[in-house]
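Paired with chain B in one complex and with chain C in the other, chain A is shared by the two complexes that follow.
Let's turn to the complex of A and B:
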C-alpha cells in the first residue's frame, strides 16, 4: 500500500510539465492582478468620493462578483462568450473573469484605505497650500497605501489560489497538469503533494512578507 | 448573435436546483460548525507552551492558507484514496472545506484572543473562576463579538467553496445538480445563470441574517 510512496514512475519530464502549469498559473495571476488592481483602484476611489447614487449601484454590482462562486462565474462567462460569438481562448476568459473578481475585492480594499486617511489630515494639507491633486498624491496615497498593501497582498495570493478553478473551462494550469499526470501514473498522493508544494512555495514567502509589512507598519502608527 | 435563449427548461428545473441549494447550505453550515471547533483548538494550540502542538497548529494553518481550496478537496478525495482511505465526494468536500475554514478561522480567533486583555482573565481568576470558566464566561463572549463579522464572511466563503464539490463528483449540491442538467441539455448559460442567482440569494440571506443576529446579540 505504501510502496507507491517510495517507488515512483514520476519522471523529470512530468516535473517540467507541472512547472509549465505553474507558469500558466502565474501568468493568469499576473493578468488578473494587473487588471483587477487597475479597476479596483478606479472603482475604489470612485466609491470613496462619489455621491451615494453612484456609490450604491457600483457597490451592488461589485458585490455580485463576491457573492457567486468563481466556478459559476467562469462557466457563465465562458458560455456567454460563445453565445455572443467572441472567439476568446479559455485563458483569456479566465483572465477577464479573475480580473473582475479581483477588482470587486480590490475596490473595497482601496476604498477602506482611502477612507482611513483622516479628514483633518487632508484639510491640514489643503490649508498648507497643497492643491487637490497634491493632496491625493502626497498625502492620501502614501497613507492609504500603508493601510491597503497588506490586504492587497493577501488578495493577490487569494487570486493566485483561485486560478486553480480555471481548469474547469479548459486551461491547463498547475492543478490540472498534476491531474493529467495522475491519470497516467496513478499516484495521486505523490503528484498532488508536489502540486501542493509548488503552490505553497509560490504563496508562503509572499504571505510572510505581507505579514511582516503589516507588523512593521503598525509599529509606526 | 444567432442564439435563442431557452429559459423555460431552466425554470422548470428550479425545484431540483432549490433542493440542491439546501444541500449546499447544509455542507456550508456543517463545515462552519466543524471549522469553528477545529479553529478554536488550533488557536489554543498555537498559543500553547508545547512546541510540538504549536508546530502542528502552524503547519495546519499555513497549509490551509497557502494552497488552493480545490487542492485541499483533491487531497481529501484522491490523495487519501491512495492511503486506502476512501471518502465519498460529500465527505471529501466537507473535509476539504472544513480544513480550509479551520485554517482561516484559527487566524481570526488568534486575533480575537489577543484582543481580549490578559488582565480580564486575571481579574476573572482572582474572582474565583476556574481557567475553563474564565475562558467560557469572560474571554469567549468578548472574543465572539470581535470575530463575528469575519465569521459571517467565512460562512459566505464556505457557501462559495461548496461549488467545488462538482469537481470531485458531487451531484446533489446546487452546482452538481446544475451540472447534471447541463450535460443533459447543453443549455449551459441558462442553467448556470440561474444557479448564479440562487447562490447570490443564498449569500445575501446569510449576510442579512447575520446582521440581524448581530443586532439582537450585541446590543448593550
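Let's turn to the complex of A and C:
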C-alpha cells in the first residue's frame, strides 16, 4: 500500500481501485434506479388519475427535485441529515437523494406513458367486463411500458452518470477513485479515459437491452 | 329477457344529446338505429352498458337497472357485447390473446378453455389464419371482425354495434356486414347503430329513426325506410340514399 504511494505509473492495484469505485457507482445506480422507478410509477399513476388538489401539490414537490441542481440537493441533504440526527452514511444519503431525483423525472415518464393509452381502448376493455384494476394491469401498463421504455432507459443512463456527484459528500465512486489516482500519477488523460471506458462498459448493456426490447415491440406494431 | 329504455335523458355539460328516449328491444330482435350525426344514437348505446351515466330515466337489462346503485356493472357487461366504430384492438396482444383476455380474466376460464373459445369465435368471423398475428398487421375490416369475435367470446345475450363500418374503406365494409348478418340469422339480439341503410332494411326487425336526441319514427323497415311518414325521416333518407 505505502509503496504504491510512491509509484508514478498506473499499476494493477490502481485498476482494482477504480473497479472498486465502479462497483460503488453500480450500487448507487441500482438503488437509485430501483427506488426512483418504484416511486416514479406510484407518483406517475397518481399524477395521471388523481384530482387536481392531489396532483398540484405533488407536481410542485417533484418540480423542486427537478429544478434544483443535484449537487445542491446532495450537500443540503447531507447537512440536514446531521441536523436532524440521522446516522446515515454518505452512501445512503446518496442513494436516497438520487432515488428522489430520479423519481421526479420518472413520474413524468410514467404519467405520459399512462396518458398515451387511448381512452377508447380502455373503454373497450371495460366494455368486456374487465374491472378498473384489470384494465390497468392488462391494458394500460403493458401499453404504457412500451411508450415509456426509451425515455426510462435514457433516464437510467443519465442517473448512472449523475452518481459521480456523490463524490462531493464523501463517497468514493468511480470518478472519485480516478481522481485520487490522477493526483498521484499526474496522468489525467490516461486515467480518465479508463474511467470513461468503464462507464461505457456499464452503460452499454442497459442501452442494448433497451434497444432489443424496442425492436421486438416495434415488430408487433 | 329484454332491454327496456325508459324516458332516458343524457347531457354532456349543458348539451343534452338524448332527450327522453323510450324503446324496448326483445330477446331475439334486431333493431337498427339510424339518424344524422350528433343525433344521440351512439351515446344511447354507451348508456345501455353503463359506459356513460344518464341524467334521467332508466335502462333495464333483463330487469336489472343499469344505472342503479349497487348494480355490478362488470357483471352486467358480460352479457352485453359492444363493438365500436374504432375497433380498439389491444395492440400488445396477438389476435388470439385479444379474444382470450376477457374469458380468462373476467370469466375465470383456464388458458385451454379460453383458447378453445377464442379459436372458435375467430373461426366464426373468418380469422383462423391470423391467430398469432398482432392487430397492427390486420386490415381495418379484419380488426373489426376481431373486435366482434372478442365480444362474442363472452357469450353475450345482447350485441350492440356502434357504427362499426363507418371507419372502414368501402371495400372492407361487406366482410363486416356479412359477419353481422350471420349473427342475426342465428337469433342474436342486436342493436345496430348504422349508416348502412340497405343493411338496416335487410336484417332489422325494427328500425328507429333518431333526430335531435329523440326517436322520431320506429317500426318495421318496410315502414320506416320504405314508407316514412315524418318529414325529418324523409329528408334524412333522401340525404343518405
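Convention: the second predicted complex is superposed on the first by the 198 of 221 C-alpha atoms of A that agree within 3 Å, B and C clash if a C-alpha of one lies under 4 Å from a C-alpha of the other, contacts with A are read in each partner's own complex, and residues count from 1 in each chain.
To be clear about the criterion, a contact is a pair of C-beta atoms (placed from the backbone, for glycine too) under 8 Å apart; a residue touches a chain by one contact, two chains touch by 3 or more.
Values in this document were obtained by computation on a predicted structure and should not be read as measured data.
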Practice problem: Name the contact category of A:146: first (chain B only), second (chain C only), both, or neither. | Solution: second
Quiz item: Of the two partner chains, chain B (first) and chain C (second), which one does A:138 touch, if any: first, second, both, or neither?
Solution: second
Exercise. Classify the contacts of A:71 with the two partner chains as first (chain B alone), second (chain C alone), both, or neither.
Key: first
Exercise. Specify the partner with more touching residues on chain A, choosing between chain B and chain C.
Key: B
Practice problem: Look at A:124 in the shared chain and tell me whether it touches chain B only, chain C only, both, or neither; answer first, second, both or neither. | Solution: second
Quiz item: Touch check for A:13: first (chain B), second (chain C), both, or neither?
Solution: neither
Self-check item: Residues of chain C touching chain A in the complex
Solution: 49, 51, 74-75, 77-78, 80-82, 84, 86, 88, 90-92, 101-102, 105-106, 134, 136, 147, 150-151, 154
Quiz prompt | Complex interface listing, chain A residues touching chain C | solution = 118, 120-121, 123-131, 134, 138-139, 142-143, 146, 217, 220-221
Practice problem: Spell out the part of chain A that touches chain B in their complex, as residue ranges. | Solution: 1, 4, 64, 66-73, 75-76, 78-80, 83-85, 157, 161-165, 168, 175, 179, 182, 187-190, 192-193, 195-196, 199-200, 203-204, 207
Self-check item: Residue ranges of chain B in contact with chain A within the complex
Solution: 1, 3, 62-63, 65-71, 74-75, 78-84, 156, 159-164, 166-167, 175, 188-189, 192-193, 195-196, 199-200, 203-204
